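Dropping the structures in below, format is structure tokens.
In the two assemblies presented below, subunit A is common to both, partnered first by subunit B and then by subunit C.
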Partner chain A sequence: MAKIRTQKPGWFSGKALVMVLYILFLLIPIYWLINMSLKTNEEIISVFSVWPRHLTFDNYKTILTDASWYMGYVNSMIYVVLNVVISLTVALPAAYAFSRYSFIGDKHLFFWLLSNRMAPPAVFALPFFQLYSSVGLFDTHIAVALAHTLFNVPLAVWILEGFMRGVPKEIDETAYVDGYSFPRFFTRIFMPLIASGIGVAAFFCFMFSWVELLLSRTLTSVAAKPITAVMTRTVSASGMDWGVLAAAGVLTIVPGALVIYFVRNYIAKGFALGRV
Partner chain B sequence: MTLELVSVSKSVSGRVHIHATDLVLQNGSMNVLLGATLSGKTSLMRLMAGLDKPSSGKILWNGHDVTGMRVQDRNIAMVYQQFINYPSMSVYDNIAAPLRLMRKSKSEIDKAVCESAALMKLTPQLARKPLELSGGQQQRCALARALVKGAGLVLLDEPLANLDYKLREELRTEIPKIFEASGAIFVYATTEPEEALLLGGNTAALHEGRVTQFGLTPEVYRLPKDAVTARVFSNPPMNFISVTKQGDQLSFANEQTAPALQTLDDGVYQAGFRPDHVALTRRTQSALEFKCQVQVSEITGSETYVHMDHQENKWIGLVDGVHHIAANQELSVFLDLAHIYLFGQDGSLLAPATYVKAA
Partner chain C sequence: MQKTVNQKAWFLVLPVFLLVAFSAVIPLMTVVNYSVQDTFGNNQFFWVGLEWFSELLHSERLHAALGRQIVFSSIILAIEVPLGVFIALNMPQKGLWASVCLVLMALPLLIPWNVVGTIWQIFGRVDIGLLGHTLAALGIDYNYTQDPLDAWVTVIVMDVWHWTSLVALLAYAGLQSIPQAYYQAAKIDQASRWSVFWFIELPKMQGVLMIAILIRFMDSFMIYTEPFVVTGGGPGNATTFLSIDLVKMALGQFDLGPAAAFSLMYFLTVMLVSWVFYTVMTNLDKKAGL
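Here is the complex of A and B:
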């Protein structure tokens, strides 16, 4: 029998070094953001300090008490959730149809869906702006949510279709034989089966909508202004408010990190559009 | 209750899956669909269930036309070859699902579920999820769900094919008991002739989308209507040899002759015999002797399969006991005249083997 190589004990090893460097480089920007958010403006611009000399939570306090800041988060949350809900409600039946039935042009239609994502959002900024302005949807949450579905529905359909294809068709038929009506089967039996797929699709929709800046800024002015837009307009008369901006950045990362945590086990499958 | 197929056929994009079929399944009968893979067993079953619409023909249930009816309204149950359960529900909920949809009362559901779980020996697993069970238990769960509903038509599509040998034997002995208890029409698809014989009831032999014969299982086995049915309903498949009748003599491939017992016209016929009727020793004086070239022999423990060539025909012999037979040697095999079926050139049975009448 071959000898099993065991790792030498000791605190230094090549593997560990690579790992430490990797994590270090990944985390430095985030650490620096958190570091800045806990400093005063004077400290940020005057001295180089690896950790806050004068620890302060004033920056966070500003954001959480000033409506012009926290409403940015609220607005973003509203249209992101709206978008996820709309995208999934549309994508679920569509993906089911693509995975279960064959109809004329189904393969072309399926591919065409994805081609929607090939254009940069900027292309659609102008038509959306004009269209929404003329129908009175400008500066509403639903406007941004609808604009984002153009990119999210195709992605959600692709991801969900992959997951649905993995469910044998016989389960559908057994359910019908047992007496399930289609809506009941879909919600009681089928959706729990692809729950992880729904989670992953929701995550990808969330992520796109949460980080997308151009469309959301173009389609809003005051009432539905998203946090990313708020953050780009922080140059005041007294100069740049570094600390508050950093705190806003930290708070913007949090929701994404939370969502990632919930779907962490399925993300790889999601990136492969469910086809693993 | 009867299920009647009236010239039902099914073709998909120009290819015929099921040729026009007439079939009447009687109340409380066990019906076996026997045929090789792709012979149309599943297609026929899906038509019976209403999962597919027939291209032509009608399906009658108790005389009522149910051809276009939704599957949900058909009061049927179906078990697939794959173990199909609802993975997100516990075994209890799986079995209870059809009853809940029928809006039965809680106590009624509980009683029925416990009964059928006990019958399927699933009582200790009721709280678990199907995917945590072994293959046999998963399939028993599917069977329990199919039976609990008290459906008038229970379709079992090769339910035991994916199970290991031991479990298959075990469940196979249970299925006739379950069937008797239920009083429903059972349809059971299988590729194995032994399974059909063990289950009894009626057998429909299928070949390339056609029901070649439908009747009582032992009858279909002993009196196959034609060579195709005989081939389907014989494992290993039936052996054939051409035979010429001239006057009162039958001449087998110009090698052996026998007195012609049957009142047949002179001409060329096909003679068929089952592999288990092949003997390595002469047992009766009148036995026919054929010289064959051995291809390979397989020993299964208590039986020996001999694959051999007799002129241009490939034969298989199934003989009792362990015989070490080297390949590529010449071997004499013996065949009793009583075990020979005579088929016409078109394949239809002209004279059954005489042992059938004695049995």
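Here is the complex of A and C:
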């Protein structure tokens, strides 16, 4: 289908220029971080250069060989994955209920769920610390995963409900007539139909759990400390270890970039929470 | 879609209900509990009623932080929403370039927030950052750790860098859903580019733009990590937004009572504004016949 509002002929239209400028604006700060991560500290402080004069991978070597560094990544990955699994498991049936049935208090419940997405994490930092300490979960991965469900479950319900609304109800009814039980229908027929929606919801849960710092830092001390909190230790008595800090930053961008690549065809629809 | 009335649906919602009740209601009750009491340590608490609330309502510190927060949220919404729509209108429609643009644009959204702060902290430094160094070379006196205006500009540019793509991607999704027939009709009517935007594209984007504004409002109003890493709330209190002030009060000074009262008022404000957005949004959904 040809678009009517296509660009003017020619390679370098105004539209392309806008996009190039915007993407340069996005990429230059990231490039600067990569640039710094490949320099030695002496070079960072003494010479100002837009590319590394003495290319070095020592900063990355420091991180990848020191357990206190790379365990930060492992910890982050563990609680992010736990969070995605928990969020989707509880959100799937709930989203189905919201998309198919009306029941007492459904609208209030839906808004109440969303209201947790609006809760400033700063409000919950201290009570969470006390709650998870009192049940003996402080400094565990599951504590951070549970804390992050506060904003991820409402979001997952919201996204999934949008996608489920797009599936005609006749499909459910036909399946029941054919003798499918609800669990079997849900896992065999319904979930494959909204597979892209599940992927999008997983992407968002991953994203918001991965980027969050305040709660994950408050709820951990050693055993489950996330990489984002580990990074703060590059400030030492001898000054900032800029190179290692930059390298650690670059390494936190990698998982996100990989995930984006896998869901690239659904990103736009996903950001619209299935509502386009 | 017509929904069937079925009270058993509650069983499907129950897991979510219990989980969120555990991770939201219990902590919130703790906050309410603190907000009406005072403590001198040793876990001894005294009932003070609404004292903290009335004290906070007249506290200049809170008013100043709230003022800064409102200014910040307004500025970034005023920049990011039009800019995001503009970018979406210029995005390639399909093919390899569309994918490349999507992936690159989504990149800042997946960077941990304190790394975003770190990136801009480094980028803006006069000694080692490209931005700071370039501005200094151009003879512009720029120092985000000393000058309040520079700090504000840095924090706002950082937020635009971080989140404009979200608005753009949403608007792009809205644009993609417009049927070709609309554009053909507009062409037959010899509509100008501007009227195509105003009468076709903008109304069709209304729903997704409301989502964009809602999400950007909520998240900018709760912003903590990025400005904290870059400016630490300074210079002075110039960039101390609500969350930064709250964390300072609760975890820094351990003023539990006032911090809890602050938390509740903060939460209620965000919720109230979001409720207005949400109501408008669901009404739009109904109008669209969803």
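The definition used in the following text is that the second predicted complex is superposed on the first by the 257 of 276 C-alpha atoms of A that agree within 3 Å, B and C clash if a C-alpha of one lies under 4 Å from a C-alpha of the other, contacts with A are read in each partner's own complex, and residues count from 1 in each chain.
Please note the rule applied: a contact is a pair of C-beta atoms (placed from the backbone, for glycine too) under 8 Å apart; a residue touches a chain by one contact, two chains touch by 3 or more.
Everything quoted here is computed from the prediction, not taken from an experiment.
Engineer: Should subunit B and subunit C be called a clash or a fit once both complexes are overlaid on subunit A?
Structural biologist: With subunit A aligned, subunit B clears subunit C, so fit.
Engineer: Touching A:193, do we find subunit B (first), subunit C (second), both, or neither?
Structural biologist: first
Engineer: Between the C-alpha centres of subunit B and subunit C, what angle is opened at the C-alpha centre of subunit A, expressed to the nearest 10°?
Structural biologist: For this superposition the angle at subunit A equals 90 degrees.
Engineer: Which partner does A:136 reach: the first (subunit B), the second (subunit C), both, or neither?
Structural biologist: Neither subunit B nor subunit C is touched by A:136.
Engineer: What is the contact status of A:173 with respect to subunit B (first) and subunit C (second): first, second, both, or neither?
Structural biologist: first
Engineer: Counting only touches as set out at the top, which of subunit B and subunit C does A:183 meet: first, second, both, neither?
Structural biologist: So A:183 meets neither subunit B nor subunit C here.
Engineer: Name the contact category of A:102: first (subunit B only), second (subunit C only), both, or neither.
Structural biologist: second
Engineer: Tell me which of subunit B and subunit C touches more residues of subunit A.
Structural biologist: The partner making contact with more of subunit A's residues is C.
Engineer: In whole Å, how close do subunit B and subunit C get at the C-alpha level once superposed?
Structural biologist: 9
Engineer: Of the residues on subunit A, which ones does subunit B touch that subunit C also touches?
Structural biologist: none
Engineer: In the complex, go through subunit A and note every residue touching subunit C.
Structural biologist: Residues of subunit A touching subunit C: 1, 3-6, 14-16, 18-19, 22-23, 25-30, 32-33, 36, 44-45, 48, 50, 86, 89-91, 93-94, 96-104, 106, 109, 111-128, 130-131, 146-147, 149-150, 153-154, 157, 165, 169, 207, 210-214, 218, 227-228, 231-232, 242, 245-246, 249, 252-253, 255-257, 259-261, 264-265, 267-269, 271-273, 275-276.
Engineer: Please output the residues of subunit C touching subunit A within their complex, sorted ascending.
Structural biologist: Of all residues in subunit C, those touching subunit A are 1, 3-10, 12-13, 15-17, 19-20, 22-24, 26-28, 30-31, 86-87, 90-93, 99, 101-115, 118-120, 122-123, 127-131, 133, 161, 165-166, 169-170, 172-174, 176-177, 180, 183-184, 186-187, 193, 196, 207-208, 211, 218, 221-222, 224-225, 242-243, 246-247, 250-251, 256, 259, 263-264, 266-267, 270-271, 274-275, 278, 285, 290.
Engineer: Using the touch definition from the top, list the residues of subunit A that touch subunit B in their complex.
Structural biologist: Touch list, subunit A to subunit B: 168, 170-171, 173-181, 184, 189, 192-193, 195.
Engineer: Quick check on the complex: what are the subunit B residues that touch subunit A?
Structural biologist: 49, 51, 70-72, 74, 76-78, 80, 82, 84, 86-89, 97-98, 101-102, 142, 145, 149
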